């Protein structure tokens, strides 16, 4: 029990590390995912190809391999950045592929009639997209995006094995200090539960406010 | 592209010209990016003979193939066991007895909420299990729980009429499940199950972090060897396509099964959503 | 999509088939000097140690299973192509096996990462561990230690053209690399805060960064640094006196005191009859650093 009270700062640093990783990587994933989704529906052929390749490759790469390649491979190209930045990059790019697919599925759930009606009212492409399609797509996209971000929070545990300060890595420090390993893991599990429950609650609130019955 | 086509008119000549311009511009940008990456690779001597030479040796090739074999072994074991565990937990969740249902729900929700890596590390470090069983156990617990959800949603999405008719004929619960519901549900669930197995295949690479000698570990052994001038990028260039190829193969298989089932008249009624990483709190409908 | 996947599948299978069909035998050439011939260790005939559970297990098996490192040149390294282990720690392990009645060539080595050494000894995965295993009181609670067989100390590895760094006091403002979370990393952080610390997960990455001018020095136990320097003696050198004491011991399961004392006796005998020196000269000694005197053996009482 005293594992937690004695080492609150270690657990705290690890917890904050995981939260930071999750938040930054989520932002990057949402931005990149949105960009890739727009590439995939663009009328320009090469952009569509780029988007499809991005999504297919990243969805089929193990995250460990991606971390391996980014954290240990990019420095050889002269790009030397702190480990945390690399971890956020790897996590963000990986999750962006899943977000892109979720966004595309969301756009496809908007009934065709909506777009046709907007067009027949004389709205331009930008207006139909911005005023009619996307707001509706946004509502149905909330649950899958929420689940993907929860998966991101859980995947951030891998970063601990690549010298990034985060929650799972604290077990190494604590076991060297000789604490009971089972209790250490219990507290680590509690930490992850707090983060996933928080994201779940946030997205549940969003869904209650904006969600649409599916 | 359903809504996309309704969002703008069929492009006229000016728009077509504009799109062609955009197309050329983006192709140029993408090619420039690829060219820059190739330049960087050559500039940092990634294609020198010393770095690629280790791959010529049979011993190295056998090391990589052994690693690949270990990955597939872990995947095979995890796949079979998680299917079994998933079935067990799904039966529990669909049970009529409240305590059984409650217990299964707790188990499933807990293992879906935990990161796989935490479970694997816990089994490896705290329970002091060897790397392969620890990896397989962790993967089984997680994927088994997700598959339980897939099975449950599959059985629940068979039309209500089927279940009611079966009960009306006087069949008991066991017969209803095994003769009526499950056969219809399974064919529709197959793509979702195979997609989850792709996730399991990707997660076998977590064995690298607990020193299980799988494919990535074999690659690292070659890549961090000073004798071969640290051939990091060549190793990544060799093992990535193989990993991505394997996963893509399995994903494509899932897609093929799904297409075949969609065309088959037997499963026209059922449409199962793929398993997503779950939310923790119950969804608000 | 299906056509591209089919094509990629075909390409991958072809590549795999090609790869398995043709390949050169043997191992790729290694850097650094190689020993002419490894020393021969005389096997103790008729050796018995019935008080030791570990020894009895090994006797039933017919050989020892020893944990080692696989990525430390001239100390404990594994040839990826052939799977053979070599280095000073490996020689010590073979020497000990011979003294305990099993021929050196029967020893099976397993790579165990630093974090899992105690676990591997406790659950019987290995019989004993020889791999830059520093003896300290915290670890003595979990495992037993025979030896020490080598006294290492923290030191610095720099490029041969580096003339500004002669010791840890010259590290102010320089980039120093070490393994993340290790004791050498912590020591530099605590005692020489003006140094710019960089951490990677393995030392070989640190050494690679040193060779490509990304960092100015690598710090860890001098035995490990000497091994790296021996690989490329014209590009790297070890500087300064060791500024800590790291006694390397042989890890044995906790409570198996019979094995521990037998290993202590064996170490003393080998140090006396020159085998220890021969092992050093065939491995770490190839770097040019002469063999030190072996440290005094610590026979701490059974607890």
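We just call them A, B and C in the order they show up, numbering each chain from 1.
Criterion: a contact is a pair of C-beta atoms (placed from the backbone, for glycine too) under 8 Å apart; a residue touches a chain by one contact, two chains touch by 3 or more.
A quick map from chain label to UniProt name: A = Amino acid ABC transporter permease.
All of these numbers come straight from a predicted model, not from anything done at the bench.
*Asks:* Would you mind naming the chains that touch chain A and likewise touch chain B?
*Replies:* Expected: C.
*Asks:* From the centre of chain B, which chain's CA centre is farthest?
*Replies:* Ranked by distance of C-alpha centres from chain B, the top chain is C.
*Asks:* Kindly indicate the chain pair that has more C-beta pairs in contact than all others.
*Replies:* The chain pair with the largest number of C-beta contacts is A-B.
*Asks:* How many angstrom between the C-alpha centroids of chain B and chain A?
*Replies:* Each chain reduced to its C-alpha mean, chain A and chain B end up 17 Å apart.
*Asks:* Find the geometric centre of each of chain A and chain C from their Cα atoms only, then give the gap between the two centres in Å, rounded to an integer.
*Replies:* Centres of chain A and chain C (C-alpha means) sit 40 Å apart.
*Asks:* With centres defined as the mean C-alpha position, give me the chain B-chain C separation in Å.
*Replies:* Chain centroid spacing, chain B to chain C, equals 38 Å.
*Asks:* Which parts of chain B, given as residue numbers and ranges, touch two or more other chains?
*Replies:* Where chain B meets two or more other chains at a single residue, that happens at 125, 248.
*Asks:* Which residue numbers or ranges of chain A touch two or more of the other chains?
*Replies:* Each of 56, 72, 76, 161, 175 in chain A touches at least two other chains.
*Asks:* Hey, what residues on chain C touch two or more of the other chains?
*Replies:* Residue numbers touching two or more other chains: 1, 205, 208.
*Asks:* If you look only at chain C, which of its residues touch chain A in the complex?
*Replies:* Residue list for chain C touching chain A: 1, 115, 138, 141, 180-181, 199-201, 205, 208-209, 212, 214.
*Asks:* List the residues on chain B that touch chain A in their complex, please.
*Replies:* 1-9, 11, 19, 22-23, 26-27, 30, 40, 44, 46, 113-118, 121-122, 125-126, 198, 202-206, 208-209, 216, 220, 223, 232-233, 236, 239-240, 243-244, 247-248, 251, 276-281, 283-285
*Asks:* Can you check the complex and tell me which residues of chain A touch chain C?
*Replies:* 56, 72, 75-76, 80, 161-163, 172-173, 175-178
*Asks:* For a test of understanding, state which residues of chain B touch chain C in their complex under the given definition.
*Replies:* Going through chain B, the ones touching chain C are 53-65, 125, 128, 130, 211, 218, 221-222, 224-228, 230, 241-242, 245, 248-249, 252, 255-256.
*Asks:* Quick check on the complex: what are the chain A residues that touch chain B?
*Replies:* Touch list, chain A to chain B: 41, 43-47, 50, 56-57, 59-65, 68-69, 72-73, 76-78, 107-108, 110, 112, 114-116, 118-119, 125, 128-129, 133, 143-144, 146-148, 150-151, 154-155, 157-158, 161, 168, 171, 175, 181-182, 185, 188-189, 192-193, 196-197, 200-201, 203-204, 207-208, 211, 213.
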